[in-house]
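Presented sequentially are two complexes of subunit A, the first with subunit B as partner and the second with subunit C.
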Partner chain A sequence: MGRYVLQRLAALAPVLLLVLVIVFSLSRLIPGDPATTLLGPGATETQIAALRAQLRLDEPAHWQLLAYLGGVLQGDLGRSLKTGAPVLNEILLRLPATLELTIAATLVAVVIGVPVGVLSAVGPNSALDHAVRLVSLAGVSMPAFLLAVLLQLVFGIHLGLLPISGRSSPFFLDDPITGFMVLDGLISGDLELAGDALRHLLLPTAVLAAFLAATLARFVRNAMLDVMTEDYVRTARSKGLPERAVVFVHALRNALLPAVTILGLKFAELLGGAILTETVFAWPGVGRYMFDAISNRDYPVVQGATLVFALLFMLVSLGVDLMHGVLDPRVRRRMG
Partner chain B sequence: MKLGKRQAAALLALAALPAQAQAQSAREIRQRTLVIGVPAGPANLEPGTNRAEPIGSEIILNVFDTLVAWSPPAFSQLEGRLAAAWTVSADGRVFDFTLRPNVKFHDGTSCDAAAVKFSLERTKSINPFMRASFDPIESITVTGPLMLRITLKETMPVFLSLLAQPQAAIVSPTAARLHGDAFSVNPVGTGPFRFRSYRPDTDVVLEANPDYFRGAPQLARILYRVIPDASTRRLELESGGLDIVHQSGQLAAIPTQDVRALRANPQIEVIEVPSQIIRQLEFNNSRGDSPVADIRVRRAILAAIDYDGLIEGIFGGTAERVYGPLTSNNWAFDPRMRDLAPKHDPALARRLLAEAGVQPGQLKLTLYSFQGPLWGAVATFVQANLAAVGIEAQVAQTEFPALRALHVAGRHEVMLDGRQPWYNDPDAHITIGYLSTLADTAMTFRMPKDDALDALITRAQTNVDFEQRRQLYHQVQAQIMERAPAAFLFSPKLIVFRRRGVQGLVVNSAPPLNEYWGVSKS
Partner chain C sequence: MAEALHFLRRNPLAAVGAAMLSAILLAVLVGPWLSPSPISIDMTRKLVPPGLAQPLGTDFFGRDVLARVLHGGRATLAIGIGVVTLAFLAGTAFGIVAGFLGGWVDLVMMRVVDALLSLPSLVLAIALAAALGPSLQNAMLAVAIALAPQFARLARAQALSISVLPYVEAATATGSTMMSILWRHILPNGIGPLLVQASLAVGSAILQTASLGFLGLGAQPPAPEWGADVSGNLQYLRETPWAALAPGAAILLTVLSFNLIGDALGDWFNPRRRRME
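Right, the complex of A and B next:
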């Protein structure tokens, strides 16, 4: 398995290079340039030309690409055209917010989605099964934006139980340790901060987890239904094993394989930022940052963020494959 | 940026207090903190890198001071801020300033003539947005510890207006040299509020400067919360999470129906102030082969539009009619424009089209517009007005950079467009918009070569006598209206929502940036 991991890691570089060239080219094909966007409608061509020169946007595209590549090889993802701040720093500043939300949503989705999918599968066409299928259909169909606003209205305004936006109360002093606010509160012993951060995390987590849990429940249900008809499950039953052992020890382990795949893909997607959720809840994650960068034609941010997302996606994909190896000995043998 | 050491020091100081006193202190700070909801974070926080982006510009006006500023509540006269007095030479080229004594930057250094010279020269050299505005500066000379002379290469009556802009605010030379590029997120000025912290995409915190030369502010802090979604800003305002929400840009504005709902909320007051923003349906006036090159066609389009219906139907009273090239609250506005402005007259429109040889359904136009639901509504309304007189208009909403590229290349026939003047002078609308020599240099009205109008505009721009300038701008407006370069549609009001208990807020309109020195919370 070690050799397999090394082979996959070695494949990162050419793939990232290809991603970079594609995103570099595509971003420059979009009409409009950064200087125009940054200076707004009232700007004159003189002002725009001066800014383009300052930002070196008047250099030939291939020189810009080579200069950028040279920087990337030294760990420099360039500077934001809008703020002048180093792109890597800006992404790392926002990544914990996205990771915190993504991890929380994934955990909630797994805790809810897997058992619900299993229960639905072991009693096919029961009242519970119908209910689960209906609710999960609603979960995957409901637009995230609409669910977010509904939760804000119900829990934030009418019931007044949870905050509507942000990662924490703006009056809290926050000196990040890890950037994960709940964790930082616990580490520093500031339970009020930890509690406040947790309360702020609940609604956006619910929005993301709703879709994820519904998707997972459906996948687990379908996978379990397939597995429960397998010969080895019949054999396990005929050996007199308790139904719980049949379901959770023998069937679920095999049903989890496709679920792990879908969970990994969705997790990687969310790392790219749940833009709508981050926007509605004013969550300062990488999704919003990337979206703003595209609107502003902030090329270095678009390029740098895409590289980071691509890297994270490939690492998560590797993790999913390794998890397959853990769950399935046949896969583990093929990995070597 | 974070100030961990200062926070730690503050915490240590607080830790020395009894717990009850700490809680009371925190509560008092919270009660005297003004929380403002904004749709985006600032691009940066200091004049040298500011490009008229609204959030950063407003923060700059509260952290820094300019030499002169527009005097509230009317914002029609300039008053001295860092400048105690000034004189202007007869030819309008030499400005002598006497600065206020004993004014200190937040880092304790003195704000003197040398600091002002450093600041203005620094902005001129590093800010491409200000380069053109400050290019007419021939020299800045320190003539005394608190005396400064600015000499221009040419007469420029608007120069004082430019000195009132955030980009002309005065920075601490010591801090600028110390922080270098990082000064953009560690601003140090003389203003009523000091910079405390900045968390990107989250918030900016300013704290009161108790040593401010005009007197300490009544607020303890200002907290700008970044909340991109307009609905969320509304919910936070209604639930008390925000004290103030103002429209920083049309695309991020709270929709009109939300304005009505907020008006009905007894906890919220809606402040509406006329702006100097102008939105118009403009023609590509330099394209000779365009179907709108015939002035009868242009006048027909002007007569086809239901101006009052647009303002009531789309804006519900949150916008005002614009009658010509300047808004009615501009000091150079010619009251005759109200009579000269076109009226909604579909019969006249059809007659003019017939005179121009255009049959109903023959004229097909692409109506370009900015993106966003508000622009979409305006475009659809205009499209319907034009259809009623037999003109087919296809609406094409376009992202701003692409729209600008289209405009500057002159590939359009008609376009919904507009301008928010970034300095308080008729020159901000007239020169950039209508000078034919600038037709291809910006989002202008693309006026065809017109030596007579250009000469009149230049005379108005450079005349040092205020009343003569006013009369010249009256003539400019009349001549522009004769040429029918656009249908002037509306000027959106500046709308600020504030919770009751916030007192002393006076809304500035040109540009729409607020200062909070005089604001308090009960």
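Right, the complex of A and C next:
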């Protein structure tokens, strides 16, 4: 197992390098002279020259790349063209908001999606199965921004039950302990803050969780149906095990493997969805920051946010791979 | 054809999806000829509620919402289908070879896939579109690049788990060539999830392009596009929800019809699940 972990980590290094090269290349795709394009028509010669120097545009491409890699290794993602602040600091400031949202959505999706998928698979083609399939298909077909707008319309505007923008009401002081506002409120014993933060968290979480829960339900159902025809399930049934034991001990355990893989894969879409959700709900996370940066043509921020999203996703994928090794002895043996 | 009819008869949900998709295709192909211009502005008739003259009402500029939905659908459907076909063929071929061969070949091939997959596709698409400059073509390019590796990874996972099964061992032992094992054993037994993925990917492709449009990075105004039309009408959501919700519903229904068909196809091509029907 130790060797497997080391192998996975070693495999990450070239991927990380390739990702950095891709993210670096993004800024070189800006048509024309990036400095002129980014600064817009109102820029002076001096400003353009200064930005050209900052972006090292006058140096050969491989030096630019090496300088970028060196910077990233030292935690330097460049500076925002808009504010001049280091991009990494700005992103780290907003990261907890994004993590709070994505973690909450993942938890909600697992708690809803897995049991629903199992129920659907236990009676294939039953009325319940058809209902689950239809609803979960609608869930994965729903554009995140449309669901966000609908929830805002119903719960915010018509019913007036929940706040439709921001992370907390303005009168709460921002004094982060963990950076997760709901947790912070609970830790510091400020139940009012926790409640307020939770109310703000509900709608964005619902938007993100909807698509993920639907995806999970679909895949758990399909994986369960596949597993239920396996010989070991037939053996378990024929030796007289109660159906409950067959489903939960023999089938579910094996069906969860592909579900874990899918959950890891879908984390990428969750991050993409977070950009849309944060934009619609004015949620002060990395996604919203990236969106604002696009409007401001603040490309170093777009690049930095892209890299951070990629790193987050790589971490989750590594976790999923390791879990796969733990859960499936066949994979472990094959991988050495 | 007979088999297609048989398939639809046995899968009511897929039949609903096929009917929805046919209706959408017909509307999007024929509709634009019959409807008024999607970009002609008439400020005397702005924000008119749905009625006889304008079945879906008008937007803030007095443009016919139905006309915009019909015109906007053409690009959307072309993107979805074209992009996914390419991504499916390239990704699947790449993935099953890597998964079956294993070892060093697999390791190297998968690093390339991993690097592309490590960039969440919508994030990559947004970053690309922001760099290249917002346009529908750039949005499509980004979505196409982003989709192929998903197929490669899933195909590899399928090949990996199937290649350890006894019947592949038996085929190897009896001297089958690699091509015949891939074609006769691994592809048929592993294709179910890939088809589900492909059908979902048409949906994803449409969703992602619309998302870029929603963020202002896809089709540019005044060109009609579903995602951009949702965000363009958000300001007037309180007074005239139809202008934003109609193109949104068009996205939902189109993606849903693809997913309904793909979901049933997944079951159909999976011999183990087919037996239970």
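In the analysis below, the second predicted complex is superposed on the first by the 278 of 336 C-alpha atoms of A that agree within 3 Å, B and C clash if a C-alpha of one lies under 4 Å from a C-alpha of the other, contacts with A are read in each partner's own complex, and residues count from 1 in each chain.
Rule of thumb we're sticking to: a contact is a pair of C-beta atoms (placed from the backbone, for glycine too) under 8 Å apart; a residue touches a chain by one contact, two chains touch by 3 or more.
What you are looking at is a predicted structure, and each value in this text was computed from that prediction instead of being measured.
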Report task. Answer with first, second, both or neither: which of subunit B and subunit C does A:Ile275 touch in the superposed model? Result -> second
Report task. Applying the touch criterion given at the start, work out whether A:Leu134 contacts subunit B, subunit C, both or neither, answering first, second, both or neither. Result -> second
Requested in this report: Examine A:Pro31 and indicate which partner it touches, taking first as subunit B and second as subunit C; both and neither are also allowed.
Outcome: both
Requested in this report: Considering only touches as defined above, state whether A:Thr235 meets subunit B (first), subunit C (second), both or neither.
Outcome: neither
Query raised in the report: Taking the superposition as given, does A:Leu93 touch the first partner, subunit B, the second, subunit C, both, or neither?
Result: first
Requested in this report: Could you tell me if A:Ser126 is touching subunit B, subunit C, both of them or neither one (first, second, both, neither)?
Outcome: neither
**Report entry** Partner chain in contact with A:Thr178 - subunit B first, subunit C second, else both or neither
**Finding:** neither
Query raised in the report: For A:Phe313, is the partner it touches subunit B (first), subunit C (second), both, or none of the two (neither)?
Result: second
Report task. Identify the overlap between the subunit B-contacting and the subunit C-contacting residues of subunit A. Result -> 30-31, 149, 152-153, 157, 279, 295
Query raised in the report: Mind pulling up the subunit C residues that touch subunit A in the complex?
Result: 13, 102, 107, 111-112, 114-124, 126-128, 130-133, 150, 153-154, 157, 160-161, 164, 192-193, 196, 200, 203-204, 207-208, 210-211, 214-217, 227, 230-231, 234, 237-238, 241, 244-245, 248-249, 251-252, 255-256, 258-260, 263, 266-267, 270, 272-273, 275-277
Report summary line: Touching subunit B in the complex, subunit A uses residues 30-33, 36-47, 50-51, 53-54, 82-85, 90, 93-94, 149, 152-153, 156-157, 160, 163-167, 170-171, 173-176, 279-282, 284, 288-289, 292, 295, 297
Query - Footprint of subunit A on subunit B - complex, ascending - result: 2, 4, 7-8, 10-11, 26, 29-30, 33, 35, 40, 43-44, 49, 51-53, 128-129, 131-132, 181, 184-185, 199-203, 205, 223, 225-229, 231-232, 235-236, 238-239, 241, 399-402, 404-405, 408, 417-422, 432, 438, 440-443
Report summary line: subunit A residues touching subunit C in their complex are 11, 14-15, 18-19, 22-23, 26-27, 29-31, 124-125, 130, 133-134, 137-138, 140-146, 149-150, 152-153, 157, 218, 222, 225-226, 229, 258, 261, 265, 267-269, 271-273, 275-276, 279, 290-291, 294-295, 299, 302-303, 305-306, 309-310, 313-314, 317, 330-331, 334
